[in-house]
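What follows is one structure encoded as structure tokens, with my remarks underneath.
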């Protein structure tokens, strides 16, 4: 019963948000359009969080790390090498992927809540590095005055906030579409199987660490691309954009959206970020308090969103066998599963 | 003679950072012990752990007036307040106790957000000054260098706390239960003690440790807007580096982090931002297999 | 005739408990080999050693002429050792078809690596015929978590066969099945192609005698006897072991 209600609520909210996203630039002012563009970029990071947390079963608090890597790479390229959006996107995605690849040995062997811990440490360390590596990142002051992007060679630079918003929207839609298509192939099937029961997947001859590394790097590339969009939207970045509170907000958004659902993650993350921005606008000073209380309340209100499914793991195996990833088995919501099914 | 003098000179500038590293490392150890405890026994990733430390720090800043009595008072109040906050957190966790770790971690993050905001509202947005007891305010001479007396005393006190912690875990019945629970999380459930009480006890103890670290460490990692984040990060890195298996591992990891943050920065200022990363990568690579196994066992 | 699977001098200890001590085992191509013995004799441990989920302290495991001792379960599965667990291990949120497709993929990918659309279709096709063969065609679209125990067992067999194994490890496949289901299981296993060798651990001796052509008896982690079902049935040594070990 409750599940049915939640499913309906989710669907109508998702539809409303999607319609709103498309008509937004014509009905809001410049400032709001810029904020919305940033929200979209963060929602794309949310998609990468969902890919790891919900689909691959590796709950993460560290996706702001490749997001930051992508953003800074894009900012450096944008101000010194090329103002072409496609180039910046590729560079940013590459930077995110490289950072994710470098952290694979830290993340992939771990399971469950340990992944949360390690990814959180990585995220915080990246923010620390950003604050101290002044020669490249500008330290805590950040990088400002990044030239406006032109989407493709020969096209004019995007001069207005509306244009930049639409550019962001197109890129996000394209990347989300690509992720959805990918999940319909055998890649998505195997990832879901691994989340169900990793030991069983190994027993069938699948190279599980390879898939998990692949998912981690792919999620890093997506978050990196989102970083490039942040640069386009704000034309200014600083370490404050990538703090771990952002990671936690995105994770909450993904859980609200149904954890395993890419569309749900997009909408959930966008909603959570929008609420945060709105709160900081209307309640300067007390926003974190209200946000924290809302956070706790939301967690309480998500009984079915956080239901845990355990794969059968106890097959009287001796203690040397690594168990399946029960802790990683994330919230699973049947309402959103069919979207991913081929 | 000359060679010896030159050698001494080469080492000389690094004595003070190295000593600072020990103080820093012991502080991080006491703070991280609470997180390890909470995670190992109750299996909760407490993202509000840094906030518990900050409670101790703000208490110290508010109560210390340069006298010994105020230090004792601050320590008592700070420990009690942080322990009470831990119990409150345990109470908030009760409705989601049967949920997954993700939910619990998110909930503790919400509490950290709200708690940090309350602390800033209560004590002001500026980083407050901390006054150490007047008798410790000066400096003493260590190997020909002047060194803050408070830090030297802190090293001794923190070493005493660490030893006491070690003896408690090794020698007492409660400590035995803790070790057993870390080894086999399901065991506690079989003992017939209500999980809610275990959670409350564990979070209270973790809060007390963090609170004590916060009060005593206030002159080293002082209270401020970033304190909670800093302490949480350092504690997390300690857990990642040291694992959950042994106190010795935790202590070594904490001391290593202390030295990296002080001596490492003095030796390699340009590489400073990457040192913690490099340390994490190096340790994990060195014991990748063992660590992976021990993580899986948790 | 050389062995398809050859385990030599395998010893496994858990702390002070010796689970296996110097066990040798040889399974030929296409053989139906049964492992029997009282509880705690080390049968499942031996299957774990062969499957790769337990590393023995001593001894070697060779498969198809190559040493596989250092390989994990996944690598051994890719080489042709597939396994059925005591409790059916399936992916609960995936449909029956998807379960078999996932199990078939590693083999299919090897053959048609550069044909992205083809791999899944091939696997899908194979899954369909295997489900049909197991009598699961009408539950093909049901999530495996919703299947009955017996159906899950059959699904797991389909998954194991989807990997085109040369050696199938069966760990008490009849456990928890009804009489009819056991009958169907026996028919299924009898109908397995001769290209597949079977190593069966089973408590029910009637099934062992019905299915196997060679029997090895373990007791207290050591090989007690080996021979044809008839030899084992009449061996006084084995009777003695069962009288002592089975209450």
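A few points about this structure:
Each chain gets a letter, A, B and C, in the order it is written, and its residues are counted from 1.
Basically, a contact is a pair of C-beta atoms (placed from the backbone, for glycine too) under 8 Å apart; a residue touches a chain by one contact, two chains touch by 3 or more.
Every value quoted in this text rests on a predicted model; they were computed, and no experiment measured them.
Ranked by how close its mean Cα position lies to the mean of all protein Cα atoms, the top chain is A.
Farthest chain from chain C (centres taken as the mean of C-alpha atoms): B.
Across every pairing of chains, the maximum count of C-beta contacts belongs to A-B.
With centres taken as mean Cα positions, chain C sits 50 Å from chain B. Chain A and chain C have Cα centroids separated by 42 Å.
Chain A and chain B, compared by their mean Cα positions, are separated by 30 Å. For chain A in complex with chain B, the residues that touch the partner chain are 53, 59, 61, 105-106, 109-114, 116-118, 120-121, 124-125, 128-129, 131-133, 243-245, 248, 251-252, 255, 285-289, 291-296, 298-300, 302, 306-308, 322-323, 327, 329-331. Residue ranges of chain B in contact with chain A, taken from their complex: 39, 43, 45, 47, 92, 95-96, 99-103, 105-107, 109-118, 121, 229, 232-233, 236-237, 239-240, 272-274, 276-277, 280-281, 284-285, 288, 291-293, 295-296, 298. Interface of chain C with chain A (complex): residues 14, 19, 44-45, 48, 51, 53-55, 72-75, 77-78, 82-83, 85-94, 98-99, 101-103, 105-107, 116, 119-120, 123, 159, 163.
Considering their complex, residues 185-186, 189-190, 192-193, 196-197, 199-208, 309, 311-312, 314-321, 332, 337 of chain A touch chain C.
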